[in-house]
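Some structures to go through are shown next.
In what follows, subunit A forms one complex with subunit B and a second complex with subunit C.
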Partner chain A sequence: MRKKELKLVVTFHTTADAMAMEKAAKDFGLKGRIIPVPRVISSGCGMSWTSDLLEKEQVLAVMEKAGIDVEELHEVLI
Partner chain B sequence: MIYFDNAATTLYKPQEVMDAVLTSMKSSGNAGRGVNEASLSASRVIYQAREALCDLFNGEDPRQIVFTMNSTHSLNMAMKGLLRTGDHVITTVLEHNSVLRPLYELEQEGIELTILPCDALGRIEYEEIPKEIKKNTKAIVTTHGSNLTGNLLDIHRIGGIAREYGITYIVDASQTAGVYPIDVKASNIDILCFTGHKGLLGPQGTGGMYVRGGLRLKPLLSGGTGVQTFSKEQPAEMPTHLEAGTLNGHGIAGLLAGVEYINKKGMSLIREKEMLLMKRFYEGIKEIEGITFYGDYDTEIRCPIVTFNYKDYDSGEVADELLERYGVVLRAGGHCAPLMHESFGTVEQGALRFSFSHMNEIEEVDKVIQGLKEMTTE
Partner chain C sequence: MNFMNSKGKLLGLGAICGVIAAALAYFGNPANMAFCIACFIRDTAGALGLHQAEVVQYARPETIGLVIGAFLIAIGTKEYKSTGGSSPMTRFVLGICMMVGALIFLGCPLRMILRMSAGDLNAWVALIGFVLGIVTGVFFLKKGFTLGRAYETQKMSGSVISILALGILILATFTSLLKVSQAGPGSMHAPIILSLIGGLLFGAIAQKSRMCFAGSIRDVVMLKNFDLFFGVLGLFIVMLIYNVVMGKFTIGFDTPGIIAHSDHLWNILGMYIVGFAAVLLGGCPLRQLILAGQGSSDSAITVLGMLIGSAICHNFGLASSGTALNPETQEVVKGAVTANGKVAGIICIVVLFVIAFTNKRKEV
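Moving on to the complex of A and B:
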């Protein structure tokens, strides 16, 4: 298994929100990607967005600009 | 075959639509059920389709676009999700059974129903709407265009009335989505129900609805969503709240291609061609003795539909002869619009409905005009 790193993980209420996030990230040049919601955060399945911890401010700014609701924001070892 | 039954479904689809379905069938996984490329590619296409449809109808937020099987599905979700015992609803005789039957069913459960009549040309009196509004009036449900006569209703005007009285306005855009511009914000439409396989040129089994943000509907279906797995309830957030089970990802890919085709070609150009064919057909047959038209043909703001009967002939018999002799496909009978036929006194006879696509040709129209002239002079 690969070595774990501390990362920023944003979860969403719906798949549509996750897709909106992926699109907004691309539009604003934000680095990161869609991953399955880590089960340490929730066992409820679904998609989440992960970026480096340093990108936190940018992630939040992009989400605000795109009007995407954050379900939860986490810093987790993944 | 000359296909003039486009109000039932558009037979000629753009190549782009077929290509998109095929590509999707070769590459799409289950949307929202994983983050592998197969699943993500389906999720992305579906989200893109939400955006395209939201733009098309000038909605606020793509997440308020819900995918369904067709207009009937959307209308059932809208009316059964909104109305409760004791509520009053206003609708019209122009409606299709996809509006009427759910309302009759709800009537059995204690909702009150008012059905506005039409005049001899199939038009309603807009001044009558406010007179029918009561304290418990919850919704107005109307079609945008009659599938029988092709008459349009002024949804902008009705939306204004609904807004003035604080009533929810539900529109059935089965005949007009993709053909006429619809602006849900400007026209105060709270729920817009559409199908994918008619004017939007997508595959059958696709459709959807736009639900105004903040308007809550009780879901018709609950089940798998790919999110919030351990919650006992259907997620509250849109569009997942109203989308249980695997979406028709392959079909939605085709629907997206249909919308893109319309945007590229231009909705007004598509409509102009269809209106040209409709007008040519109407003008070509209107002098035939014994023809009775149904609908208002004095206006050019209407669906590309011409409906009539010939003398007292059974409409099915005339349609069969047109098919046998000239290979013309049209629709005879009741068209799932029982109250319109009651209004016109055509319950027994039905009616002949010709409906045009921009992919039909003038020569096809001329052949049918000629055929009808031959048939009616023998």
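Moving on to the complex of A and C:
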């Protein structure tokens, strides 16, 4: 079984924002992926973005450029 | 805490929900309708006199329990959040569509799983439509479909649906104001206290596990993620075992007495509507009740849409009939989809596409 790591998890207000995040990440070469919102978090639209914790600044920068609102930022063992 | 995250745990939680459904079936709920959100909302609408179909009138404590169970656990775990403002009237219409589709098929996604576990091949056929509906919804999600974000509202607002549900329970228990079927599916039910406890437990588990029948397939299709799917699988396995052990497992179409019909096209289209609407709404009928309980007024409006939708279905003859045995001649009378139901189904599909095309995220 894969060892769990502490990751950055970004939740969104809408699924459309999550989809826009996936596209923006591709456009800006940001590492990470869309995952269902981990069950330890109750907020969000059902989908979230996860990246390495070290990528936090880049993630926020890409979201600002793409006009995507952050709902919440979390650090979760995934 | 990470105790809700493994697939094994979700399988187990789904299995517990299966046990609750099996117990309710054992103690009196209709065959293959142990726990059906659409049917139970429809029965509750009948109890309130919103429709006059005498065989489906009973304020189902399970539905009430689901909402209040989700509300209580959300309060207890600090997940209660009063929100609203995400295209409420569009959600109301989607709720109506979801109910029309469900009553054409004769069941919500939860009942589809229960019917599948009892060998009802009609439900397996309907699964095709449900998956196609979800895939259609996912297509629009990828194209930027959104009903807009929800905002935090006054704390009280999110609890209104739970208080109303409690009010219905009090009326049903302590007065004779509500209608109660004397025959048909509405007359078959487990004792009130068992139904209520079953609903409360199911609601609490569904809230914690984020159980969603549409979401489980959406996650598989979109993200190749099987977490939610395992919850559904657990429920299916337990009900399959229950049906086999109790001699209720009958493979076939046109099986009398299980409240189902064998109009394949409309079984597919009915669940297509449900799957499509559920993805646009962000959750199946069960999930809408749970989200309503944990404070979402948007989901509460959707539940009201389903309630009114069920009344529309019975007042305008949209609901299908189930295959039954004529008690006098002992002949099998095939269940059927009504002409009005077919027209309504087509209208719903058109409405879903219009909503899907016209609600898009603004590009920056």
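The rule is simple: the second predicted complex is superposed on the first by the 74 of 78 C-alpha atoms of A that agree within 3 Å, B and C clash if a C-alpha of one lies under 4 Å from a C-alpha of the other, contacts with A are read in each partner's own complex, and residues count from 1 in each chain.
Methods note: a contact is a pair of C-beta atoms (placed from the backbone, for glycine too) under 8 Å apart; a residue touches a chain by one contact, two chains touch by 3 or more.
Quick caveat: nothing in here was measured; it's all calculated off a predicted structure.
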item	value
First, second, both or neither for A:Ala66, with subunit B first and subunit C second	second
Partner chain in contact with A:Ile35 - subunit B first, subunit C second, else both or neither	both
Subunit B versus subunit C as contact partner of A:Asp17, first or second or both or neither	both
Touching partner for A:Leu77 - first (subunit B), second (subunit C), both, neither	second
Partner chain in contact with A:Gly46 - subunit B first, subunit C second, else both or neither	both
Subunit C-contacting residues of subunit A that also contact subunit B	13-17, 19-20, 34-36, 43, 45-47, 67, 69
In the complex, subunit A residues that touch subunit C	4, 13-17, 19-20, 34-40, 42-43, 45-47, 66-67, 69, 77
Residue numbers on subunit A that touch subunit B, as the complex places them	12-20, 22-23, 34-36, 43-47, 67, 69
Residues of subunit B that touch subunit A when the two form their complex	31-32, 34-35, 40, 43-44, 46-47, 50, 61-63, 225-231, 235-240
Sites on subunit C touched by subunit A in the complex	1-2, 4-5, 74, 77, 79, 81, 86, 141-142, 144-150, 208-210, 215, 219, 222-223, 225, 227-228, 282-283, 294, 360-361, 364
